[in-house]
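Here you go, one structure.
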Amino acid sequence: MLGSKNGVHPRARGGGGVARSLPEHPSRGYGQPVDLDSLINVADFERVAAERLEAGALGYFAGGAGEERTLRDNVAAWERWRLRPRVLVDVSEVSTRTELLGAAVSMPIGVAPVAFQRLVDPDGEVAMARAAAEAGTVFTLSTIATARPSEVAAGAPDGRRWFQLYCFRDHAITRSLMDEAIDSGFEAIVVTVDAPRAGRRERDFRTGFQVPADVTVPSLDAALGGDRSVTVQDVFAQIDLTLSWADLDDLASECSVPVLVKGIQTHEDATLAIKHGAAGVVVSNHGGRQLDGVDATADLLPEIAEAVDGRGAVFVDGGIRRGTDVVIALALGADGALVGRPALWGLAVAGQAGAERVLGLLRSELELALTLCG
Amino acid sequence: MLGSKNGVHPRARGGGGVARSLPEHPSRGYGQPVDLDSLINVADFERVAAERLEAGALGYFAGGAGEERTLRDNVAAWERWRLRPRVLVDVSEVSTRTELLGAAVSMPIGVAPVAFQRLVDPDGEVAMARAAAEAGTVFTLSTIATARPSEVAAGAPDGRRWFQLYCFRDHAITRSLMDEAIDSGFEAIVVTVDAPRAGRRERDFRTGFQVPADVTVPSLDAALGGDRSVTVQDVFAQIDLTLSWADLDDLASECSVPVLVKGIQTHEDATLAIKHGAAGVVVSNHGGRQLDGVDATADLLPEIAEAVDGRGAVFVDGGIRRGTDVVIALALGADGALVGRPALWGLAVAGQAGAERVLGLLRSELELALTLCG
Amino acid sequence: MLGSKNGVHPRARGGGGVARSLPEHPSRGYGQPVDLDSLINVADFERVAAERLEAGALGYFAGGAGEERTLRDNVAAWERWRLRPRVLVDVSEVSTRTELLGAAVSMPIGVAPVAFQRLVDPDGEVAMARAAAEAGTVFTLSTIATARPSEVAAGAPDGRRWFQLYCFRDHAITRSLMDEAIDSGFEAIVVTVDAPRAGRRERDFRTGFQVPADVTVPSLDAALGGDRSVTVQDVFAQIDLTLSWADLDDLASECSVPVLVKGIQTHEDATLAIKHGAAGVVVSNHGGRQLDGVDATADLLPEIAEAVDGRGAVFVDGGIRRGTDVVIALALGADGALVGRPALWGLAVAGQAGAERVLGLLRSELELALTLCG
Amino acid sequence: MLGSKNGVHPRARGGGGVARSLPEHPSRGYGQPVDLDSLINVADFERVAAERLEAGALGYFAGGAGEERTLRDNVAAWERWRLRPRVLVDVSEVSTRTELLGAAVSMPIGVAPVAFQRLVDPDGEVAMARAAAEAGTVFTLSTIATARPSEVAAGAPDGRRWFQLYCFRDHAITRSLMDEAIDSGFEAIVVTVDAPRAGRRERDFRTGFQVPADVTVPSLDAALGGDRSVTVQDVFAQIDLTLSWADLDDLASECSVPVLVKGIQTHEDATLAIKHGAAGVVVSNHGGRQLDGVDATADLLPEIAEAVDGRGAVFVDGGIRRGTDVVIALALGADGALVGRPALWGLAVAGQAGAERVLGLLRSELELALTLCG
């Protein structure tokens, strides 16, 4: 798969997509094809994406809360762990294939939910879902995506899909989106619990970031009416601040697919999540975007995996930039890792092909690391 | 409150104040209005204040002792602690309101004593007291303020006020100031015990810092006579070097308001302070200005809170730059935090409105952090 | 020996060698004589070599895997240990002479296997073997050397020689090379077990590194046919991925010389190596070139030396840049250290004389450190 | 004393001294008077001295062995300790006066032995001895000084003096120097034991440092004959490599003044030193100039003070740059600290007055730190 579509940028294909909503940025070569083979790791994609995106979108996707200490520490924490390779083990049959929530995937790396993906690519979440499907792994659609669940399902019918849920004050909107997702074949609900309010994302304050009116966010259209620009504050004004564990009980018992709780940062809450019906947890600090000064997810994973103790699945996101990071996550007790920004940089650089290339690089790095670890 | 007076600088209002005593610095835009909404955290205010102040005043307020290791470590130490957010807790009713020494305040963040405030704003301590009153919290007046206690009381009659006390060799001056403060409705005496002599503040040596003769410092006028410039050495030449715990006993028993002891850096001294009649302690290293190489206050707080063990109030200052720092201070056993430089940068940037904006930002950050911590 | 041939570069001698295979780089003074006396430590040689080598070769020899964290940590880890010098001990008779695998050498520092040495010097491995012989220590020839074992033996007949073995899928090639080495007087087989596949050496991806067709690599000629350029991937495509401990048993029992296992990174594998017939182990992470994120060898040495517990020899490579590093290695339980890059930088700077100078500097530093440690 | 002679440089006084031996360096203002009041800490003196000295002398005095890790760590290690100030203690009578080896001094800070001081000032060791005498503390004369013991005694008759001893292969020279020192009123012998050979001081290799022929080094004249330049290697070629603890027994029993052993880096050797007749030890790594990679002296002091346990005096040198460092040394069990480079930078900047200013600054910082520590 590596490099199979390199050099061919989806925007260069002409036709299709929602190109009107994509901010123009010609002076930076925005929209110019890139030689994907020359980008050999996630950092390369991050660098090129940063050159291509306009300041507001870049700040929104790259930024974190406060001083961005947790944002940086998420990456650094994986590096604090060391691998212990074993030798003289037959490694002629190494494979990254596994199952996530009972479904076969090509690797224990899925795509995390990221909002507003049509800000970086005209096909947005649909292109990302296709990339995940091609890469043989799970795609998670955000509640505040720029595509409806049904549109993603139609665009990437063969892929595995999960739906990330924000519980809005208006429960009818939430329920309607969730039903549409489940009806469209989404196989799990990932309810985010670490974001009753928006974190202090100072890059957005400085750029005055908002989603322009011509980029449609179906869930917010329902809540706010369409044809208006949207800020991050607008989004979080919709969130139900009264949510509690009892609501998780209700959700889990009413929902026909497994429910994962995303944003768990303590072993106490991991235990509560399992007790209140979750099929598993996602160890996450929202990519360092909510509360600056919390632990890196790599530092939290061991205590949470120990608390869950096999009674549910444990996923982790935040700071995963290398296949070796995933080896560490698995060794610390995770069933799989989710990547948000890496896949998004791929999408921003070269649409579906870019996201595929990133997922392929991570799978390739993971396979090599498993081989070299014996 | 946030941004309620943005763009309106007190100096631009014309009239009033003690403008004659304010050093002119036109090449740096000194006195030009600033868009307060564009300053979104304490670091922004620090940067703009540094551009506006002349070198001597900047060095005095920003500097620390020796190599300034403790100055820097005060800030860094808060960052060494990590928050552990809990989720799925109803956070629709989060409030920062609390009591400090039994008095209701809007938040557990007060204004620490800072000397010579008319060096950065024509209304000096009066403007700062008004800002604190507007922000709903406590203002602490320094013994070596550029306004008398009665003047501050008249200027900000509705605010809560504490009086910081240096014990001069001439006890009559000290007694007179303290009496004036208590008569003017100051609700506590904060006796500073870490400064029998001035720390080695090398920035002041290099700039030749002195308070010009036309800036009046009432306490020093009493000790030295007025109409003369004053150095930091002049101030500390007044301090009574023989002060001991017995004097605290006397002070506490004679004083009609609670006495806090400021400058406690060991659990042994915290225990002694309570034993000798203090209503509480302020864990402080004088903002890193006295002895370089001492511990950061965040590192000292736990042992001191444990030693006091509820028998008195515990406040902390030094390095507080974010609302999350205050969450940590409370978690480590403090009843509240005091901020000196942050409020002063606000005052230097835009007078009362600037100080209010800084206090508002801290309160807002604190409220968000409490919400996200569950 | 120090400086005995300084200023005389082998390439300047005219005649001889395989000069055709050496990439020309005149703009960097490639091939110009250098004053060896002016290069006083390994870092000096590294710097000059980096100026002289073309980008592809430099990247290949200097680079590591992934983020190169292990590459850097290999060096840093020796610095984390501290020496404890004893005084008033008679040091008039300090000597670095010792035995490695029972053979007398001038110092406990040998030359590690490094591939493709004719990329940096026309005489390549032959010159390096001569340098080691002059320095009185062991030279290790790589399986993917640019000289045959018999050629090295003929070129440096008096030196001690070991042969590093990669087990190819085509066992006949491996067997033939090993037999040639043993017949040519190589005194040990060093079987590398940490490289079933090539590590992710990103510098090579970026430079497009390959060994040009006119540089002969005898082992690869046998496997791939000659007269073609070779990439690192081509090399590793030859490796037998099924190798296991049983194969070590076979190798050790069939082999007429001692077998060392190179690439041991855990005490478990060290124990297994001894159990399966190894005469000793080389604690190595392949110079940080295989799996990024593994421990530095200095950090692994204690647990491995303890596991071997005198039942075999323990060597270490990786990050040795100073004689003091070797003192630490010995103190941590090693019988000796191997240096790869340091000797190669010497070869790149001034051929045999350069490599001799580097080995002499290390011996000299070691002797001084032993003297000063008492 | 502070600033008492500021602005008056001894070289500007005309007449006297050994001006011929001082290297000229006019382009850097060498020899120009400096305003001593503007230099407010040791770092200031180090900076100005570095501007004034020629490269060879600067490298010799400022440099350390190898990578200079121990050189840097000597300074950094004091900063790793934190002070714990006590408050409300009567500090009206703080004094730095104390005794060193039974003799009253103004402070527990003496001047460490430094060689070749006429390379930085025409009056060299005589000027330094005068500065120490004026500052009321001890001066230690090096064996390889540029002034005889008797010359120093004549030049600074009122000061306290110790003599540092290197044991030469030619014992007669050593004995003669020692006798001259004792006859001239030197009150202790400080025998250096960490330097059987010169450390690897790479700055000296690069500058080709040597002491020019017209700078007389009496001890080396005796060993090598005069009227020739001298390298560091020449010096150490004189050292007796066979020295052992038995020699210390002899020295201590034959010597009419106390013998200190300088260069102790382990508790084992501290115990041996006391056992073999030493009156005390100097915890020292020769200013980081002998073996790079050894512990900082601040890190070694506690174990050594504990081993000596009051049976002898404990001094420490290395990295002392602030009065607070001396407070830490005392708290860790030292009876006093010795400063080498700080005093030398003073001498290089402004002769005797410069060295006095440095010693005065250190005393002043120490007194303040003691006051603020309670």
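Chains here go by letter, A, B, C and D, matching the order in which they are written, and residues are numbered from 1 within each.
Operating definition for what follows: a residue touches a chain if its C-beta (ideal position, glycine included) is under 8 Å from a C-beta of that chain, and two chains touch if they have at least 3 such contacts.
Because the structure is predicted, anything quoted here is derived from the model rather than measured.
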Neighbour overlap between subunit A and subunit B returns none
For subunit A versus subunit C, which are copies of one sequence, does the interface use mostly the same residue numbers on each side, meaning over half shared, or is it different? different
Starting from the Cα centroid of subunit D, hunt down the chain whose centroid lies farthest away. A
Mean-CA-position distance for subunit C and subunit B (Å): 62
Separation of mean Cα positions, subunit D and subunit C [Å, integer]: 44
Would you give the residues of subunit C that are in contact with at least 2 other chains, written as numbers and ranges? none
Applying the document's contact rule, which stretches of subunit C touch subunit D when the two form their complex? 40-41, 79, 81-92, 322, 324, 328, 365, 368-369, 371-373
Quick check on the complex: what are the subunit C residues that touch subunit A? 66-67, 69, 193-194, 196-197, 199-200, 202, 205-206, 241-245, 247-248, 261, 263-266, 268-269, 272, 285, 290-295
